[in-house]
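Naming follows writing order (A, B and C), and every chain is counted from residue 1.
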Amino acid sequence: MKRRKRLFFLGLLLSCMIALCACSGSTENEGNEQKEAENGEASKNGGSVIVGITNDLDSLDPHKAVAAGTKEVLFNIFEGLVKPDKDGKLVPAVASDYKISEDGMTYTFPLREGVKFHNGALVTVDDVIYSLKRATGLLETSDPEVRVESVFSCVESIEAITTEDGKQGVEVKLNQPNIELLSYFTISIIPKDYTEQATKPVGTGPFRFVSYSPMVSIVMEKNPDYYVAGVPYLDEVTFKISANTDAAFMELRAGTIDIFQQLTYEQSNQLKDLYNIEIGNMNLVQGLFLNHKAAPFDNLKVRQALCYAIDRQMILDIVAGGSGTIIGSNMFPGFGKYYDETLASYYTYDTEKAKQLLNEAGYPNGFHFTITVPSNYQAHVDTAQVIVEQLKKVGITAEIKLVEWASWISDVYQGRNYEATIVGLDSNLSPSDIVKRYVSTARNNFLNYSNEQFDDLYQEAAASVNDEEKVELYHQLQRILTEDVASVYIQDPANLVAVNKKLAGYQFYPVYVQDMSTVYYK
Amino acid sequence: MGKQKNRLNFIVGISLVSFALLLVIVGIFYTPYDPNEMNVLAKNQAPSLSHLFGTDYMGRDILSRVMEGAFTTFFVGIATVIIGATIGSILGAVTGYFGGIVDEILMRINDAVASFPSILLALVFVSILGTGKYNVILALGILFIPSFARVIRSEFIIQKEMDYVKSASLLGASHIRIIFLHIFPNTKAILRSAITIGFNNAVLAEAGMSYLSLGVQPPDASLGRMLSESQTYLFGAPWMALAPGLMIVITVLGFSLLNEGGAWHE
Amino acid sequence: MKFYIKKLITLIITLLFVSFITFFAFQVIPGDSAVAKLGMDATEEQLFELRESMGLNDPMFVRYGRFLKNAITGDFGTSTQYNVSVGSLISERLPVTAWLAALSVLFMVVISLPLGLLCARKENGFLDRFLTFLSQTFMAVPPFFLGIIITLIFGIVLKWFIPGKFIPISQDFGGFLSYMVFPAFAVSIPKVAMLTKFLKTSLLRELSFDYVRTARSKGLKKKQIMTKHVLKNALIPVITFFGMLIADALAGSIVVEQVFNLPGMGRMLVTAIANRDFSVVSAAVLYIAGIVIIINFIVDMTYQKVDPRVRIS
């Protein structure tokens, strides 16, 4: 009896020691693997990369995924008829070309020949029509989980055609002119009637799906049949899911992640010696968004006072070490010619002017309001803290209220039950997408913004089929938002990315993606 | 021998707690800087004469923030214990004293709450009531009821069989009188240690909730929040963790030593 | 037999209560799985349609009834986020948390037992004081921070393990366990102080009993008495402590899994709450609560077996 007990304790101790030994043993193995990887880097091809992400995927089905963090991953597996390049231009992908009719009513896409799905099957016109119909809500039996963009309500029909030079293709007819719809044809092309998309996704992209383990990782490998010769370079890419940025930071310090984006400035500073830090734009409109139905934000003078009271340069300095691009309206530089950069300096930091405006508005002693901030974005939380401090100086008391993302969507974005909020708004590459929420009847007008002049101009801009005219109209729209202070626009935040020093080819896009097909070992 | 050790515990404990309390009380009236004031030019500064514990990533003075944060943490801890101890003791006393079906039902609810993951409950409160320290207190307070109830209940089960209770009952004392005037004073020792452990657990739980961003709202400082914010800076600015970390250790250690030394004091 | 039936009934009532709280919580908090699934720009019609297909438009009690009916048959439905059955999701996560908790409890015992013996042997000696002080200091460190410090020292400076690495249990059991060791330390170390103190007190009380003096007068060595008689008796009250320890280890693992990036029940719960994935949350909560309750029950039983005095109450 006693002996047995002693044996039991001995067993306990032994198991502990075994565990410890096993632990150190596996570290050695890891080292060997790394060495192997090092040996294989003689050519540009080969090698595997681990990309750290902090949001688990919301779906593997590209038509069901809505989270930006998921789309950035699936970009590597799926492609649309067209896809964005790094300058924001749309280039043919599954389609070999595209044509928009002059009246802006018909889009024609001849298919690229010989594009194969990851399951080996050739992409047919039927697959393309199925994919487009599924994503536009035109299938006879629709799946309620598929997210249909509201802009697709203008799609009249999708049909197979044979182009003049005898190629197979599809033709999309609209019921009203729209020359900006092209950026929506990035919707993923998937095999017709394939039912396992949510568990074993099949696409046409540079990488093909290998495995997915919830909360752990998604693994993809090189697609040898990819239609661009020589692309991709890497054999394998793993997107590793971390619980949060802090946990990921520890892994970065340990060198187990090769690429990680959206670091805070301080984090990037502490990784400088281990990684190349690449700086791009997040392509977001970060702002202090105001509910125009909540007093006193219905008062233009109060809104203007906020613009003068907030020192945007200081926000950049404190939160991001000075990086980021200050913006003055609801658009970011990624939009190129449509973006009006002159508006960034429309309001300057001037507390005296702010106080004077508050006085005129009838709030000589300031007022009190709450800023609702989604708690999962540290950059927004930090920005909110700086703004609270700055507003104190003009007598305005702001209080921060942190909410979960799901609560933010349902209470703030859909319920419009808030006073002010700080978030980053992203967008499709079409300029109408980013400003249309300010149309007074827009469903996603969570700001309750209402301005007839804006509404009319927007209709004109969206319907215009002349690009030059469009540029001019979008500039005017941005100016209205700035002058009328639809909200306080802060910045397009900098995207700080840590990249393994042995890697090259990491590219920034004006949309929210992480393209691994261009990355290679030096 | 044991007495001497308890005395030492008491002395060390009381000094640590007094130190922490002093800092908190001074902090109410005076802090070297405004705890929330930011300074772009003084970000991440190491401890120096002008900033004794350095500055954080937004250029805020850490000492001032610790003083303010310690107040918040103490407030959360004490309020939590008051909720937990009051309701828990009453529940424990009633169930332990009377037993029967009420005891059975309340203890099952007790078990249910005790086995419920605390973050889910915290999340519910935060979502219903909004965020902030009062909701942290409410959530933790409710979570702490079961442990107090359990401790007091078992004490009552033992005490109610004792002679002094029986004689009081024979003398015609009412149940309420027996519970509150006769038995309760005898649970003082156990209640005291339950309270100190409860306070310490509340301080640590607040830190845990801050880590999951369910705690006190920024820019308000709390020791837990400061500690959880500091983790990214352990390489570049380790002093950010030092002051709040030390303060938590001083507080928790002080209270547990005080608890152990308490026997000597009596 | 009657006793067991009674216990079983209370177990069921408790689980019902827990399931109701979980369900009710999801009624009150803003956002539902349809919102989480369709994201920011979903239209009312789209939301309505998805809710209809998920059965979210039915009255609250109809849904609770349906949930209960399925739960009784062991079917917790499908995770709205992962599109897999909750059962399979949990069967992958539960071992992680279970092993983490088991290792933590093991460490607690393995560390506290010798410490308790050492301290009890020479009460108030230097070693006793030093160990008490040390363990109490560790108790004062929040577990998440302890986890960070452990990662920093053993993961980054000493490189004894790779931070954030996880080996699935199906792949390599040894490797899996080895990555549980450090997280388990983070869970167990803060609890060591409490357990050591409890053991010490219990040992000292045993030592003060007459039988020890009798044994000594018989000429038995102190060491022999300690291991042969005292330890065994002193461990009995520790058993009651066990249920609490395991509950603590489970609760501690929720936070520690975040720090060490382990895909266990805790992380699943946090993610599922954020995504309003009710089926996953309810199943996870019921599992965790059920485990705690069952362990408490087993503790009660063992305690009764070992110490007949308890049977009276």
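We take it that a residue touches a chain if its C-beta (ideal position, glycine included) is under 8 Å from a C-beta of that chain, and two chains touch if they have at least 3 such contacts.
Fair warning: this is a prediction, and the values are worked out from it, not measured in the lab.
Peer 1: Return the chain pair with more inter-chain C-beta contacts, choosing between A-C and A-B.
Peer 2: Between the chain pairs A-C and A-B, A-C carries more contacts.
Peer 1: Compute the centre of every chain as the mean of its C-alpha atoms, then state which one is farthest from the centre of chain C.
Peer 2: Chain centre farthest from chain C's centre: A.
Peer 1: Using CA atom averages as chain centres, what separation in Å is found between chain B and chain C?
Peer 2: Chain centroid spacing, chain B to chain C, equals 21 Å.
Peer 1: Distance between chain A and chain C based on Cα centroids, please, to the nearest Å.
Peer 2: Roughly 37 Å, centre to centre.
Peer 1: For chain A versus chain B, what separation do you get between their C-alpha means, in angstrom?
Peer 2: Inter-chain centre distance comes to 42 Å.
Peer 1: Going by the touch rule set out above, which residues of chain A reach two or more other chains?
Peer 2: 246, 253, 376, 403-404, 407
Peer 1: Touching two or more other chains, which residues of chain C qualify?
Peer 2: Those would be 29-30, 148, 152, 258, 270.
Peer 1: Which residue numbers or ranges of chain B touch two or more of the other chains?
Peer 2: Expected reply: 123, 127, 231.
Peer 1: Can you check the complex and tell me which residues of chain C touch chain B?
Peer 2: Against chain B, chain C makes touches at 10, 13-14, 17-18, 21-22, 25, 28-30, 123-124, 129, 136-137, 139-145, 148, 152, 190, 247, 251, 254-255, 258, 269-270, 273, 281, 284-285, 288-290, 292-293, 296, 313.
Peer 1: Can you list the residues on chain B that touch chain C in the complex?
Peer 2: So the residues of chain B touching chain C come out as 1-2, 4-5, 104, 108-109, 111-112, 114-121, 123-124, 127-128, 157, 200, 204, 207-208, 211-212, 224, 227-228, 231, 234, 241, 245, 248-249, 251-253, 256-257.
Peer 1: For chain C, which residues count as touching chain A in their complex?
Peer 2: Within the complex, chain C contacts chain A at residues 29-32, 35-44, 46, 49-50, 52-53, 81-84, 89, 92-93, 103, 106-107, 109-110, 113, 148, 151-152, 155-156, 159-168, 174-175, 177-182, 227-228, 257-261, 263, 267-268, 270-271, 274-276.
Peer 1: Which of the residues in chain A end up touching chain C in this complex?
Peer 2: Contacts found on chain A: 2, 9, 12-13, 15-16, 18-20, 22-27, 30, 56, 58-59, 64, 66-67, 144-145, 147-150, 198-199, 213-216, 240, 242-244, 246-248, 250-251, 253-254, 256-257, 376, 403-407, 409-411, 413-415, 443-444.
Peer 1: Given the complex with chain B, which residues does chain A contribute to the contact?
Peer 2: Residues in contact with chain B: 245-246, 249, 253, 264, 266-267, 269-270, 314, 317-318, 375-376, 381-382, 384-386, 388-389, 399-404, 407.
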